[in-house]
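All chains are identified by letter, namely A, B, C, D and E, in their written order; residue positions are counted from 1 within each chain.
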Amino acid sequence: MAEIDPEVWQAVRLSLKVAIWATLAALPPGIFVAYALVRWRFPGRQFLNGLVHLPLILPPVVTGYLLLLAFGPQGPAGRALEPLGIVFAFRWTGAALAAGVMAFPLLVRAIRLSLEAVDPKLEQAAATLGASRLWVALTVTGPLVLPGILAGAVLAFAKAMGEFGATITFVSNIPGETQTLPSAIYAFLQIPGAESSVVLLVLISIAIAMGALLVSELISRRLAAWVAGR
Amino acid sequence: DDLTVFAAASLRNALAEAAASFTAETGTNVTVSAAGSSTLARQIEMGAPADVFVSANPGWMDRLEERGRLVAGTRRDLLGNRLVLIGNGASPSSLGPDLDLAAALGSDGRLAMALVDAVPAGIYGKAALTRLGQWENVSARVAQTDNVRAALALVAVGAAPLGIVYATDAQAEPRVSVLYRFAEDMHPPIIYPAAAIAGANEDRARAFLDHLHGDAARAVFLEHGFAPLTDTPDG
Amino acid sequence: MTLSVAIRHQLPGFALDVRFDAPPGVTVLFGRSGSGKTSIVNAVAGLLRPDDGRVAVDGDVLLDTARNVWMPPHRRRLGYVFQEARLFPHMTVRQNLLYGRWFAPRNARAEDPDHVIDMLGIVHLLGRRPAALSGGERQRVAIGRALLAAPRLILADEPLAALDDARKSEILPYLERLRDEVAIPILYVTHSAAEVARLATSVVALQDGRVIRQGPAAEVLADPGVAPAGIRAVGAVLTAQVVAHHADGLTEVRAGSDTLFLPHVPQTAGDTLRIRIAAQEVILASKRPEGLSALNIVEGEVHSIRPGSGPGALVSVHCSGGTLLARVTQRSLATLGLAEGSKCFAVIKTVAIAPEDIGG
Amino acid sequence: MTLSVAIRHQLPGFALDVRFDAPPGVTVLFGRSGSGKTSIVNAVAGLLRPDDGRVAVDGDVLLDTARNVWMPPHRRRLGYVFQEARLFPHMTVRQNLLYGRWFAPRNARAEDPDHVIDMLGIVHLLGRRPAALSGGERQRVAIGRALLAAPRLILADEPLAALDDARKSEILPYLERLRDEVAIPILYVTHSAAEVARLATSVVALQDGRVIRQGPAAEVLADPGVAPAGIRAVGAVLTAQVVAHHADGLTEVRAGSDTLFLPHVPQTAGDTLRIRIAAQEVILASKRPEGLSALNIVEGEVHSIRPGSGPGALVSVHCSGGTLLARVTQRSLATLGLAEGSKCFAVIKTVAIAPEDIGG
Amino acid sequence: MAEIDPEVWQAVRLSLKVAIWATLAALPPGIFVAYALVRWRFPGRQFLNGLVHLPLILPPVVTGYLLLLAFGPQGPAGRALEPLGIVFAFRWTGAALAAGVMAFPLLVRAIRLSLEAVDPKLEQAAATLGASRLWVALTVTGPLVLPGILAGAVLAFAKAMGEFGATITFVSNIPGETQTLPSAIYAFLQIPGAESSVVLLVLISIAIAMGALLVSELISRRLAAWVAGR
């Protein structure tokens, strides 16, 4: 096996950072959007639903390109955010944004499914006891959809770890800044004779993701038992 | 302070080595971002923080030049490459200039190439085959990949009996053998142009470009199978 | 506080159209399965939005479709004991019990949790989750949860159906206390005549989504026409005053000029009691019977005789403490020669007056 | 067919340790909320795998932890009416009802669906989904679903708790018919003394996960020590034979040498009846009373007197038709001078014998 | 806007075919695997779970490469299946396989979530009525997880419509055989100045996927109402 390049560890650390931040940052809007899609009827609901699914439907490269158009240094969102000190273009934050966007549909779907399974009778019971909609959401609906949120977060994390097309298109492949594991794997794949590095990186990817999966399964089992009160 | 180089993915390692010697000489850290030329070009167009761009084909560099993203006078053709027909163990050992590709592919074999209308290696290959009068016969048999390394992989794992790739790729893959080297005049010249990108670090970018054209870098490129070009700077 | 309800609502295959007032105290909704009891309670709670209607607690309008008023459930401040417990599965029993308190106004009159927990016999369950409770335990926790929410209106949909008699007789006095001490309306669904008799201030009898009879409990229960109650529910409610507690465990009470003996009751001398005497537990005699184990013999006059469709007849007897009802066979009436206006004696067993039929 | 049950199971905070046999007919599990009734039924159904135990229907072993035998629930062929209806939400009422029939063996003795649907009064609900049913309607469908599965064992966990009296008295005769015509054991959980008296062939009284009393219904019900039943459940069951139906709607029956009159019963002359006479509804007299509306006066001898903790005492009276129980006040006993061995007369109101207390 | 090339329509038809078949073919194993993961405890359960997630974790190119190694003409699976007339390499079937594999984790997760929400008490009730495990699964569990299956299928279809990296690596880009919409889009993206074609193809992709989403939302609403008996 090839000696392990410091760049490899950099990519591992960066990928973890990107995937964790992408997942964490996607959670609040993911929960909100899932809630809105399930519980509210508003004009544009179907449009929002479509928008959420877009990153799944489009080739990742297109998503990345659209992100570049919007959040790039010349893009409208990029220019609007820059004075606030928020810069995505060619930063690890942009990689996280790309990964988060790509993972978003998975997150939303998982939460939606769980939300749809919550018994409205329990929410009604909470309401009769004086809990406003917000409190019901926080104390009853929320805990009951936790398994769905976790499932969504795991999917999102896995997806964020594996995201490549949108990331490299949006923020390029800058070692230490935006070169995630998949980008590194891609780069090595393009280089004559770098197969052993590819294998190493793939194994590292798998190891990390499997670890995360295992932990999540454990948590999820406990969570499900907790929610069901078993 | 530092220098960011956007380079076609296949140049990553060679450039990294050349950059290391540059860093040793000047103390300037060089970061190489490797991806598809089209991706990088679009990013530069959109304001990516690149100081130097090395493209795998002139088309994208032309586009940046048109849009005024290059530092005037810094564009130079850096490297050349050769196109080869490869096969794996199961293929005929060599083909003459009168090659009959369709026959060589057998009844259901595929010819692996990069996208023939989009990716440079595919475009060159298609041009060469057209020149050789073979394109008509094989166009329906071509399996096009998103990049030339994927075409190489198809041949390497035996999924396709034949493929057209760069000589540099063939050289690095022990599972394939070169069956035929296309003459350089059969297709538009394979050129990797390099240029400095307009921005903050133009001086250092020029220095780096000079370094790439210098002897140390040439040796590195040769070692990786590329053909350093000895053009003089244009303009 | 009075709850006034007027609701019209159409479901496929079922039409609800009711209008009634629930004075302070317990208003029992009485009616056969599927007659619309739960639907009414849901409408009061704000969980069912009727096509048409108005629900108000005194001046406070919870719903008025005509004026497009609809108060969301969480602002109605109700304690709703659901027909199926609906406990929160992810919370412990304790958390379930205290849930409503988070949202109760600071100054709301709140029940003492320890007291309620004790009364319901659930202290050993506090740390458990609902999934680890038996059916009756779940129902008790649900009762506690509603009581502890400091509600200004209690809705209880068959709250005691899953409980044994002993447990019921621990909870009923508590509900009575609520009814009497706190002037909040309690809307109470039950099939049990004993619960009606014991708790009801007024009764609303339903059939197929309509009110067929409503009024003070004593009146409605004395009405043999209240079919849904079933013949066994018919009985009269006498109001009596505690005179003294005797050493042998009996309590002497006075209803009008008559003296009755009851099994010991907790009320103190001078307190007023409601005693339900089921019509079927009264024996009539033409002359004062002697040598009987029944301690309570009341003199009266036959006021009316309504023959039933079967062998029985319902006889109402005016006596000094009020009107008693007696169900006897027509054969006995003939044998005894009793007719409207006859003088007669009503025999009531002391022990036949069940603890759950005596309310404070 | 006899069901024999021996189960030991430990839950956090609750230990179940029971052993009893359920002969053909109805075995009632009786006990306070949380005493382990549902747990036992679940173990018989195969839904709870006890730590230790053996459950067998005649020779057919459903569970034997010692020999590592465990028959999965679907092969046990039970009709289980759950405490909470557990209807399939995605199926109509009709589909719910007929679900078990798909899996019943071809030759299984099956109830007639139309008849069951009619008896349960759910014909108008057949096309609906469970979500559109009231609580009682749901429970009725659950009863029908279990009955129509052609089970060889029926488990019913408080099946009638959510139903009104009128509905109960439509379903009870049906259960009686099942009990008598089909020799399958029915394990029946209820808190209602009336249901126990009417249906039970044998009774298993539970307390805190243990059997405190078990035996034939008549015996257990006559035992005032069966605390969980509550004092009001105490009563005697007399076996009597129908003599004649009278024109005035009364049925004359003979219990030993005594003649009793009951409200009309459907059985024909010569049939045997079980009549539950609640102890609290019996009045004792020292000499034969006259001029009373009560038609049934039975001569007997005081066999035992057990003073209760309160003002009452439970008196058992041997008479020719069996043993009667009477709850009277100790004061009355003193007044009447009744002691063990005294001759006495028991007065029983005809109408106090409720239809649900008379079973075929 | 560019004139619409017949090749474009070919790609549209092919993408639809590939996505539909990928979804349909992934459903039975997806349902089975989800069921096994939720309901059975067996050695290797965590391994199976990891395997299912793998396509999400790995860059698509790697997945495509692994598929090529296994199902290519020289791969063990490819060789084993060839005599049976099952060929994936360079066929639209291979594109469907790649899309199906990439969509598989999404499908399985959605079904798992729904399965976990099914009340075991209903399954118990069915068992006491004589239904064997299989019948319970078919008559009770199955219908109750239908909304989850549909949600999973929608995700899978969307993903299959957008899949690019694994597909092109595994079956390359053969117009009329394996050139799906994303492949076509990618190709145009590589050509300087071909943006208008890209826009056209992206719009077509979006239109198709939105249509599918809308239909699925309608079905899903009905399904949810049906399952809940509302």
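The definition used in the following text is that contacts are C-beta pairs under 8 Å (C-beta built on N, C-alpha and C of every residue); 3 or more make two chains touch, one makes a residue touch a chain.
These figures come from a predicted structure and were not determined experimentally.
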- Co-neighbours of chain A and chain C resolve to none
- Item | Shortest contact path, chain B to chain C, counted in steps | 2
- Task: Return the chain whose centre of C-alpha atoms lies at maximal distance from the corresponding centre of chain C.
- Result: B
- Task: Quick one: superpose chain C on chain D by CA and send over the rotation angle as a multiple of 5°.
- Result: 180
- Item | Chains linked by the largest number of contacting C-beta pairs | C-D
- Query: What is the distance in Å between the mean C-alpha positions of chain A and chain E?
  - Reply: 20
- Query: How big is the gap, in whole Å, between where the Cα atoms of chain C centre and where those of chain E centre?
  - Reply: 60
- Message: Averaging over Cα atoms per chain, report the distance between chain B and chain E in Å.
- Response: 35
- Query: So which bits of chain A are touching at least two other chains?
  - Reply: 61, 65, 186, 189
- Query: Touching two or more other chains, which residues of chain C qualify?
  - Reply: 84, 132
- Task: Can you tell me which residues of chain B touch two or more of the remaining chains?
- Result: none
- Item | Pairs of chains found to touch, sorted by chain label | A-B, A-C, A-E, B-E, C-D, D-E
- Task: In the complex, go through chain D and note every residue touching chain C.
- Result: 11-13, 31-34, 37-39, 83-84, 124, 128, 132-137, 139-140, 157-158, 161-167, 169, 191, 193, 227-230, 232-233, 248-250, 261, 263-264, 280-281, 283-287, 289-295, 310-312, 326-333, 336, 338, 347, 349-352, 354
- Message: Going by the contact rule set out above, which residues of chain B touch chain A in the complex?
- Response: 4, 6, 9-10, 12-13, 31-35, 39-40, 42-43, 46-49, 147, 149, 168-169, 171-173, 224-225
- Query: Contact residues on chain E for chain A in the complex?
  - Reply: 46, 49-50, 53-62, 65, 105-106, 109-110, 112-114, 116-117, 147-148, 151, 155, 158-159, 161-162, 164-165, 181-182, 185-186, 189, 198, 202, 205-206, 209-210, 213-214, 217, 224
- Item | Touching residues (chain side chain E, partner chain D) in the complex | 121-122, 124-133, 135-136, 139-140, 143-144, 226-230
- Contact set on chain E toward chain B in their complex: 61, 65, 68-69, 72-75, 89-90, 164-165, 168-169, 171-174, 183, 186-193
